[in-house]
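The structure is given below, and queries will be raised subsequently.
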Amino acid sequence: MKLKSKEDFFKLKEETVKKRAQDKDIKLLIGFGTCGIAAGAKIIEKAIEKGLAERNIKNAKIVRVGCVGYCYAEPTIEIVYPEGGSVILGNIKSENALDVIDMHILNKSFESQYVIPRNFE
Amino acid sequence: MSEVTEYKKILPEELYRKLDSFVEDLGIDSKDPRKKGYLIQVLHKAQSLFGYLPEEVQKFVARKLGVCHSEVSGVISFYNFFTTLPKGKVNISICMGTACFVRGSEKVLKEFENFLHIKSGGVTSDGKFSLDVLRCVGACGLAPVVMVGDRVYGNVNPKMVGDIMTDCIKLANSMEENK
Amino acid sequence: MVKQVRIALRNCGRVNPESIEDYINARGYEALVTCLFDKKPADVINIITESGLRGRGGGGFPTGIKWKAAAAEVSDEKFIICNADEGDPGAFMDRAVLEGDTHSVLEAMTIAGYSVGADKGIIYIRAEYPLAIERIKKAIEISKEYGFLGKNILGTEFSFDIELKYGAGAFVCGEETALIASIEGKRGEPVVKPPYPAQKGLWGKPTIVNNVETFANICPIILNGKDWFRSIGTQKSPGTKVFALAGKINNVGLIEIPMGMTLRNVIDNIGGGIRDGKEFKAVQTGGPSGGCITRENLDTPIDYDNLLSIGSMMGSGGMIVMDEDDCMVNFAKFFLEFTIDESCGKCAPCRVGNKRLLELLEKVTNGQATEEIIPQIEQLCATIKKASLCGLGQTSPNPVLSTLRYFRNEYDEHIKDKKCRSKVCKALLKYEIVPDKCNGCTRCARSCPVQCISGKVKEVHTIDQKACIKCGVCYTNCKFNAIIVS
Amino acid sequence: MAKVIINDIPVEALNDASILDAAKEVDIFIPTLCHLDLESFNIEHRTGSCRVCMVEVELGGRSKMMPACCTPVQDGMKIKTNTPEIIQIRRTVLELLLSDHPFDCLICAKSLDCELQALARQFGIDHLTYTGERSSYPRDTSSNAINRDLDKCIMCRRCETACNEIQTVKVLTGYKRGFMAVVAPPEMKPLNDTNCVFCGQCVNVCPTGALTEINYINPVWKAINDPTKKVIVQTAPAVRVGIGEEFNIPENESATGKLVAGLRRLGFDAVFDTDFSADLTIMEEGHELINRINKNENLPILTSCCPGWVNFMEYQFPDLLHIPSTCKSPQQMFGAIAKSYYAEKIGVSPKDLIVVSIMPCLAKKYEAAKPEFINNGVPDVDYVLSTRELAKMFKEAGINIAKLKDEDYDNPLGESTGAGVIFGASGGVLEAALRTVSEVISKTELKDVNFVEVRGLEGIKEATVKIGELDVKVAVTSGLGNARKILEKIRSGEAKYHAIEIMACPGGCINGGGQPYIHGDTTKLERRMKMIYTEDERKVIRKSHDNPYIQKLYKEFLGEPGSKKSHELLHTHYHKKREK
C-alpha cells in the first residue's frame, strides 16, 4: 500500500480517522514500555484477557502502548471510554483483573482504589 | 569459509559458521573504505553467539572484515558491553544508575558479593554465576533493580538477595539439565 | 499550579507504537507531507530556527542553527544522526519516546533530511534497549511499505533511508564526535572541534546529530507553528523538557514540563513530595555533568540558562531527588566514579585529573583530609573544566563544584570534625554501646568478625574503636537497640 | 589570510594555519607535548590530547580555552598565550601527567632526551600537588629490538600515528579507556607475538621513555674485554651522518673519520665499514637484476637491504615473495664474509670472531638474530648497536669524538665507494645499482654517475633510465605506507617497473629507528641526507664494481657475482609469515 502523492496520504488519513471514530469499543491501554513489562504488564494483559472472556465482554479492547510516565505505579492501565473520558489505574496485580473489569468496564466507574491521579493535561 | 576452519580452536565451529554467514549476509564490499562501520555490529553478533570475545574470535572478525586485529582489540577494550572473558551461565546485574544508587543498590551489590564470594565483574569458580553492574536499565520506578537474564527484580533490598539467589540456582540447574 | 504539557511525549501511552494507523490517526506524517509539498527546505529550517528549539540532549544548542550549518555545506552526501545512546545514569526519556512513539522520531529525521539535503539517517541506539530496537525496526519496515521512507517518498524526488547502529556501552559516545567515531567502527574518542560535524561529520561528510527528544519536538512545531511553540516555556528556552524524576520522591516517573516551571512545583505537586516524610535536601539535574539545586533555589524557573547560573545544567533529563539521608560528598563521589569509568582516556586533564580528584574526595570521606584539600580540589576542578577536550571532561567537576558551593558545611564536617551527618561515609562512623541498654547477652561479641567487642556475660560490653572495621554487624544483631551509630 | 591578534601582536596567517603556527610567525612559542609535525614528510600528528598547548581564544565576544596545535586561526580571533591562568593550567596538566609517571628520570634511558622532562624543567615543577595511584604494566622486552615500558606512556598517541598511519603496520591501538587507557598491541600482547616489523619509528617519535631500544652495550663491552675473542666492528652508512649530532660536531663537518677513531679507542680490533658490503650487495643484486631483465621474469626486482621492509613483506605481501632480490642485507653480507673470508685470512675460528654492527636501525637487531643467519650456533653478526647506543658507549668511555683526529677504516673490509655510502639515504641503493648495471649492460663508462631523480625525502619517486637500448623504469619508496601503495599497484598489475628500492623508514636509514632523536625537526634529516651525498662526492671511486677490494674478494674467494659460493654466503630466502 505505497502512497505516491499528497492526495494518497490525505485519503488514507481520512479513512483512518473515520474508522477510528466509528470504533465504539472501550480501550484498555496497557503500558508496554520496558518498565511496564518489567513490572508485569504481560501478566496483567493475560489476566485481563481472561477476565474479559469470563465476563463475556465483547466491546473492550486491549491496546499495548508505550510508557505513560507513571513509573511509580507500574503496571498501569488507562481505560478510555468511547463516549469520552478516561481513567488511569496503577499498581494493578493479576488477581485484581476481575475487580478492575467489574468496576471500570461494566460499571464505567471513574473512582476506585486503583485510580491514580492524572498529572498532566 | 576458509577462515572458519583456520580459526577453529576451542570454540565450536558451528558458531563460527553462524557468524560467518551473518557477515556474508551483510554483503560488505571488501574494497569499501567504510567497511569498518560494520565492526561493532559484527562484534555484537559474535558476543551473542559465543558469549564473549576471546582472541580467536577477534581475529576471525578482523579477517572477515579485512581490518587489523589491533583495531578490533582496541574497540572491544573501549566499550563496556564487550567482554573478553566468559560470563557465568547465569549473569546477575545490579543497576547502579543514579535512581537505584540513591535507593541503596550499593548495599544490594555488597550482599551479592558476599553471597557469591566474588567481586562485581567476577565469575564464580564453578562458572555458574557472574556478577556485574549496569548503568540504568530504565526501570527507575522499581529502583533498586536487579536483572537476571531477562527477568527484572524491582524494589530489591539486601534481605531479598537470598530469595533471588534461590531463583538463580534453580535457573542454573535447569540450564544444566537442558544441556 | 502549572501542569505538565506533553509535546515530546504527546503520543506516549496514547498510541500503539506498533500501529502506523494509530500514528496517522494522531496526525502522524502530516508534518512530513506539509514539508514535502508545501515548504522549501529553507522554510522548514526557518520555522525550526524561529521556534527557538534548543537541543534536548543537554547542551541546549539551537537546533535550527545546526541544521542551517549543515544545509549550507555543499556535499554529495549528508547524514542525519539520531542520538539514542542514552547513557545518563537514571534517565530514560529517550527510551520512552522510542518505545512509545517510534514513528514520530522517524518522521522528524526524514524532515531533517529533507531540510538539509541528506538522504541517509542513522539511529545510534543503546544495545541495552532491545524493545526500542525491535519497535524501530518494525516501524522502519512499515514506513517503507507506506512510502514514508525509502526512494521517492510519497512520489516526490526526495529519498531518505534510516538504519540502526548499536552503541556498546560508552557514555562518552553521547558527545557527537565520539558518537560519529563509534558509528565508523572506531573507539568512541571525541575529536577537537572545529571542524564541527555539520561541516565534517560521519565519513567526513556534513552531519547533523540531534537527540531523540529534540526530534520528538519537530513534528508538533511544523504542525502547530513556531508561535505556538514559543507560547510554551520561557523566552530563551521555549517548549518543554522531559525529565526522569527519581530518587527519594513518592511519584517516581517520567514527566514533561513546560520550561519555566519551578522545582517546587515538580517536587510537591507532580512528584507528590518526599518519600517517608523525610526532609528534602537537594535535587540533582544534568547527571554526571550537572549539579545540585537546593532549597534556596526551589523557586527558580527551570530553563537552560537558569540552571547554569545556579551551577547545574539541564542535561539530558535526569532529575534525582535527595533527602536528609544522602551524604553530598558521597554523592559527588558517585558521579565522579561514573565519569572515571566512562572517560575515554584521550586527554590528560580528564584521564588523570578526574582520577586525582576522586582520590582527594576519598580522602575527605575517609577522614584523612586536612583543610588545605579544598583549594587543591578547586584548582584541580578549574583545570579539568578549562582544559579537557570534550564536554564530558569539561563538565565532570560540576557535581563536586556544586556540592562544594551549596554543602560546604558537609565537606567541612568530614574534614574537620571527621563526621558524616548522613551516616553514609563508613570510615567516619563510630559504633558505641549504650551501657543502660546493654544487658550483656554477648550476641554482638559473638557476631563481630574481628572480635573487637569484649565483656562478660550479663555485663556491659565495650567496642574497641581501634580494631572496629565498621561493618555494622553488631548493630544489626543487637536485639535491644543498645548499639548506636554516630 | 586570517587576521588575528596574538598577545596584542597582529598576525596574518593562512586560513588553515593552526594557532601554534601563527604564533611561531611572530616568535611566540607555545609549549607542546603530544603534537608532532614532520614537515619534510607532510605528516602532522595532532590529536589535541595532552592539553599543554592551551591558549585563550576570544572570538565573537566569547572566550574559550583551545589547544593551539589543532585550532585553526579564524579572522578576528584574539589569542592570549601566557596569562597567569593559562600558565597555571599548563602547569597543573603537567603535574597530572607527572603524577602518573615513574620518578626514575635518573636511570631512564630517555633522560635528557625526554620531552616531558624538558617541559617539567621549563615550568620549574619542583613538587607534585597531586599524587595517587599510578598505572603499572609489565615491561615488554620480548623482542630483541624494542623495549616497551608503558608506565611511562603519556597517551600522546604519536606511536600509533607512526605505526598505523605512516607505516601501516598497525600493531598498535589505544587499549582500554579512561585511567586504564594505554597504547599497546592487541590484547596487550608482547611485541614479539605481533606483526611488528621492528622499524622503530614508534621509538623515534615517543616523547618519553615508554619506547626505547633493547640495549646491547654491556655484552659488547664484555666481548671487547674478552682476551679470547677478536672483536671487529662495522658501521652502516647512515651512522656517520647521525653520530655527530650527539657530540655537537658542526653541521657541515664529516664525522666519519672521528667515528672510526672513536671506535678504535673503544678497543675494537678492527674497524670496518658496511659500505664495503654495500658495494658487494650491488655486485650481487645488480647481477640479479641484469639476469631478470634479460629473462624478463620476476620483475620488478625489489631491494632487500632493509629488514623492517623484508619483515613487512613477509607478513603483508606473502604472494609477492618471489620478486624481492634474494641478496642478504649489507649487514648480513658483511657478517658472512667476515666469518668466512676474513676469519680465514687472519686465522681465527669464526666462533672466536665477534662481529659488532653499528646501525641506524632497530630492525637490524632482529635481523642479526634470525635463525637463517646463524651457522652451527655462530651468528654472522653477534651484536647490533644503534647509533644512539654507540653515542652512549663513547660517553661512558669518556670519549668525545668531536675532539679526535680523523682516522681511516681498516682493510680489507673497510674500503668502499661513493655508491656504498649513499645506501644511507632513500634512493641510494637504486642509484648505486644503476651506476653499476648501466655500465655492465651498456659496456660504456657513465658520463654522469648522479641519478638525482631518485634522491630526496619524497615518499615515492619514479624515473625512467636509458640503459643501452632499454628504458629501465625504476621507483623508490620510503616509509612502509608508501611501500604498501606501490606494492598494491604491483599486485594488481597496475604498475610496471624493473626495479624498486624500498626502505621501511621515511627518508631511508638517515631516519632509522636507531638514530639520534630529532624531536620532530626534519631539517635534521635533510642535513643528514646532504652529508651522505657530500661523502659520495668526496670519494675517488663512486661505483661499486670499481672497488679494488671487492674485485679482489671475487678473485680470491667468491669467483663471480651469482656464483655458487656467493649464493651460499650472500643470498637468502623469504618465508610467508602467518598474521599473528
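So that you can tell them apart, the chains are marked A, B, C and D in the order they are listed, and the count of residues begins at 1 in each.
Quick note on the criterion: a residue touches a chain if its C-beta (ideal position, glycine included) is under 8 Å from a C-beta of that chain, and two chains touch if they have at least 3 such contacts.
In this text, all values refer to a predicted model and were calculated from it rather than measured experimentally.
Peer 1: With contacts counted as defined, which of the two, B-D or A-C, has more C-beta pairs across the interface?
Peer 2: Higher contact count goes to A-C.
Peer 1: Report the inter-centroid distance (CA atoms only) between chain B and chain D in whole Å.
Peer 2: 44
Peer 1: Using Cα averages as centroids, what's the distance between chain A and chain C in whole Å?
Peer 2: 30
Peer 1: Measuring centre to centre with CA averages, how many angstrom lie between chain B and chain C?
Peer 2: Inter-chain centre distance comes to 24 Å.
Peer 1: Would you kindly tell me how far, in whole Å, the mean C-alpha position of chain D lies from that of chain C?
Peer 2: Each chain's C-alpha centroid was found; their separation is 50 Å.
Peer 1: Check each residue of chain D and list the ones that touch at least two other chains.
Peer 2: 173-174, 176-177 - these are the residues of chain D that touch more than one other chain.
Peer 1: Which chain A residues reach two or more other chains?
Peer 2: Residues 34-35, 70-73 of chain A touch two or more partner chains.
Peer 1: Mind pulling the residue numbers of chain C that touch at least two other chains?
Peer 2: 92, 95-96, 129, 170, 187, 189, 246, 252-253, 344
Peer 1: Chain adjacency by touch: line, ring, star, complete or other shape?
Peer 2: Graph shape, chains as nodes and touching pairs as edges: none of the named types, so other.
Peer 1: Every touching chain pair, please?
Peer 2: A-B, A-C, B-C, B-D, C-D
Peer 1: What part of chain D is in contact with chain C in the complex they form?
Peer 2: Spelled out, the residues of chain D in touch with chain C are 47-52, 54, 65, 67, 70-72, 85, 88-89, 92-93, 96-97, 99-100, 129-133, 154-155, 173-174, 176-181.
Peer 1: Enumerate the contact residues on chain B facing chain C in the complex.
Peer 2: Residues of chain B touching chain C: 34, 36-41, 43-44, 67, 71, 74-75, 78-82, 96-103, 134-138, 140-141, 143.
Peer 1: Which of the residues in chain D end up touching chain B in this complex?
Peer 2: Listed in rising order, the residues of chain D that touch chain B are 164, 170-177, 185-187, 194, 579.
Peer 1: Could you please specify the touching residues of chain B with respect to chain D in the complex?
Peer 2: Touch list, chain B to chain D: 55, 58-59, 63, 68-74, 77-78, 84.
Peer 1: Hey, which residues of chain C end up touching chain B in the complex?
Peer 2: The touching residues are 87-92, 95-96, 127-129, 165-171, 182-189, 203, 244, 246-248, 252-253, 284, 287, 318, 320, 322, 326, 331, 334-335, 338, 344.
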